[in-house]
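Order of writing sets the chain letters: A, B and C. Residues in each chain are counted from 1.
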Amino acid sequence: MKNFFQRLKNHSKLAFFSFWFLVIFYIVSFLADILAPYHFDYQFRDKPYHPPTKIHFFDTQGNFHIRPFVYNTVVDDPVFRSYREDTSKIYPIKFFVDGPERKILFFFKTKKYLFGVDKPAGIFLFGTDTYGRDIFSRLLYGGRISLSISIAGVIISFTLGMITGGIAGYFGGIIDQILMRLVEILMVFPSFYLMLSLRAMFPLNLSSIQVYLLIVLILSLIGWAGLARIIRGMVLSIKEEDYVLAAKSLGLSHWRILIFHILPNTFSYTITALTISVPGYIIGEAALSLLGLGIQEPYPSWGNILSSTIGNLRVLGDAPWLLLAGFFIFVVLINFNLLGDALRNVLDPKNW
Amino acid sequence: MEYVLKIVNLAVSRRERTQLIPVLNDINFFVEKGELFCLVGESGSGKTTLALSIMRLLPKSFVVTSGEILLNGQNILNVNEQSIRSIRGKDISIIFQDPGAYLDPLFTVGVHLQEALHGTTEDKNQLITKTLKDVGLEPEIQLVYPHQISGGQQQRVMIAMALINNPSIIIADEPTTALDVLTTRQIINLLSKIREKYHPAIFFITHDLELAMSIGIRIGIMYKGHIVEIFRPDREKPLHPYSGILLGNIDKKYFNEKIPVSSQTDINDWCPFFEKCPEREQKCQKKIPFIWRDSLTGIRCIKHGRNHQM
Amino acid sequence: MKKLILKRLLHLIPMLIGMSFVSFIIIQSSPGDYFAQMKMNPEISPETIQQMRTSFGLDKPVIVQYFYWLKNLVRFDFGVSFAYHIPVRTLIKFRLKNTLCLAIFSLFLSWLIAIPLAVLAGYKENSFTDRFLSMLAYISISLPSFFVALLFVYFISKTAVLPLGGTRSIFDINAGTFVIFADYMKHLLVPGIVLCFVNTGWIFRLMRNNFVETFNNPYILAAWARGLPARSVIFKHTLRNAMNPMFTILGMEIGTILNGAALTEIICGWPGMGSLILEAVLSHDLYLVMGSLVISSFLLIIGNLIGDILIAFFDPRIRIT
């Protein structure tokens, strides 16, 4: 393992950075309950489409404050949704503030958040949406949903792909024929159209947990086919190797050979493929939620934060900071792509 | 005496990150007009690097650190890119190991031959047909794609391409290694027939010393980027211990254990064969020059070089 | 060559049957009895219902219904849209034209940009140009199409340099063909550029890697050894060989670009297949969903077929065996 990290680092510093960036990003989104100044559902009714809050070090008299502060804002023009800072009172940014109790990952309770300001002022690093909810907090919470869906989807479809590909390649014959025809037929559908059609199989109004599971199911159903085909090809060649023949002559059972001697040899490929395919799942979830077919309000996901901007030029014009959700997706995607590319080179036995 | 190819003090290194790793050292030899010079060495000894340096086709990671390569008296290391292209294929041509991999799969044999032909006053088609006949192929083969013909035929096409401009020297880099025994025989016969008819010098690279002994006028033995011996197989026996091992005369297992290999930093400057030499002595732990016995042959070994001189 | 195409065409038949069967299953497993729902809908005339009942065998067992449906499918009859009350075929015909125009326009544009840049980068492997272009490609690959589309829409809404949404803004009946065409192209520009933006990175990367790999091939070394000029080695030998796998990619892209196109269409307001299937899913218009799914997969199959034919045409190793 240490050897692996060293090789990754030697191969590409950038990819090594990407790896740690992603690790930190995942941790941050899973700790959204501590890091987010507001709960994803908390609304500032009087501050819809509030631009990102300005953070000050100097007050109106020009005095320097070592602790940064914000001003409360009031609506200046309700039609154009412009806000004016009320400079009469400063609200310093406080760290480890107390607030209503939240549960971290359903288990641990916390009353302390990383930072916040006293009410009625608000700290909106990335502005607010139509209900006056803090986009920064929603992005952190949304990251939890978007990133966990992609991981769950990847794991399920890879398990499915490994099993099917392994069985088809190892046993061959009629099983192989049937499974591979099935895979070919699944691959004939453009994934976006298949995704929407599969979504149409279920009612539009589902509970949020049902929708979550449904998205995972749909994404893994679409994703497993391509992998199964490649694993099958690899198993076909591995099963002719001497050590597999030796295992057979020792009288090991087929399943044992397949699971302990053949499939592990496809891991270096699958880990690369896994990394490269995560972006597809993130985009899939975002696309569904963006179109209103995925994660439903009030729950945030990177897709549905963007959804209010679609077909609504006014919202887009007034609150361009909503597009930051797209930027988050982009940042995660580019890191996955960089890492995946480096892994392909590092894990390729040819380059050892 | 007329040299077609003369190499003086050539040294080539490979760039690896910031280091330069020597690949060829102190290469000094020549090929006479119309001669068949064989270069013999194990894989990794630098034979192909030498061939590519002569063609000036070394990969970007290789650098010529010193020396001259004189082709018909002209140092090709100094000419510009434009002129080297007019030299390649015309004055010097090359045949490669695995003919299938060296023919572009998307173009017919005819296109390859057309391309190989440098400016000529003769009728092009007639010249191509004549050359194909010389290598024992029908003119119809021009319409065929490389994957449709056998390995032997592919190699004949490569030879036709090398021959078509009537070059003064042809480099043959293990031209028979990828072929079966029978085809090897045929290709060797073809090469000697061509040499009789057109008198090009041939620089024949192989790992097979026996083959080299049967065809070569002179043989150069290469070890770890050094030429360790040059001899005439029909006149004298090779004397270098490494040549002996290649010929199977000396038991490889026998080593002079009295002199252990120390891991000193200057080991690179010692006799290149020191580590594996059955006859090594203390005095071999230094830089050994190539000693010419006469104008044609020589050896890189203190013991046998001295003996000869005395 | 003819034999090869015929073989590929025969191979299509089980694929098409499988595809249609899966589509049918998906729609059949959707909740609700649509036939009953249709009868309740006062906007649908009893004649239409009667006609659909007989042509689709809606009161027969499910498996029989499939064959009815398949029979109609062969005639490109997908039934009637519940929401629009017009045949699905008519709807798809109009939308398909737009989607194909968009896909082909952006494919053409992105290949036109990506291939020359890829050759440049591949030829100057590891140079600054190569690294810079590869970095741009990474960015292009990692940008989701919907995000680029939104950024573009934002930009256009601020500057209004190009029309947004729909396919035309000139409704004068007397307008000349050229004027209408120019108007159409102007509307195509925004979704087209967005899609091209996302696609170019992929094509660049594939082509650049192909080029580098081909450039290190023995037959390129042999081409240099023949004394060929750089122009001939690069464009005749390396480019031709590096382009070969790209023909398969081109075929595949005709299908896969539908995915990117769908979201782009929806966000840019381009009336194509993508927005059609979304509307159909949102209004639970099942025959329309099914029709869109079948047609889009049909396009993907045709795309793969075109790729196979192209590569057979350009690669003698496949054409002549």
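Here, a contact is a pair of C-beta atoms (placed from the backbone, for glycine too) under 8 Å apart; a residue touches a chain by one contact, two chains touch by 3 or more.
Values in this document were obtained by computation on a predicted structure and should not be read as measured data.
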item: Far-end chain from subunit B, centres as C-alpha averages; value: A
item: Central chain (distance from its CA mean to the mean of all protein CA atoms); value: C
item: Centre-to-centre distance between subunit C and subunit A (centres being mean Cα positions), rounded to whole Å; value: 26
item: Euclidean distance of C-alpha centroids - subunit B vs subunit C, Å; value: 54
item: Gap in Å, rounded to a whole number, between the CA centres of subunit B and subunit A; value: 58
item: Subunit C - residues contacting subunit B, complex; value: 217-219, 221-230, 232, 237, 240-241, 244, 314-317, 320
item: Sites on subunit A touched by subunit C in the complex; value: 181-182, 184-186, 188-194, 196-204, 279, 283, 286-287, 290-293, 306, 309-311, 313, 316-317, 320, 323, 326-327, 329-330, 333-334, 336-338
item: In the complex, subunit B residues that touch subunit C; value: 55, 57, 81, 85-90, 93-94, 96, 98, 101-107, 112, 115-116, 118, 145, 147-148, 158, 161
item: Contact footprint of subunit A on subunit C as seen in their complex; value: 14-15, 18-19, 22-23, 26-27, 29-31, 138-139, 141-144, 146-147, 150-151, 153-154, 157-158, 164, 255-256, 258-259, 262-263, 266-267, 269, 273-274, 277-278, 280-282, 284, 286, 289-290, 292-293, 296-297, 299-301
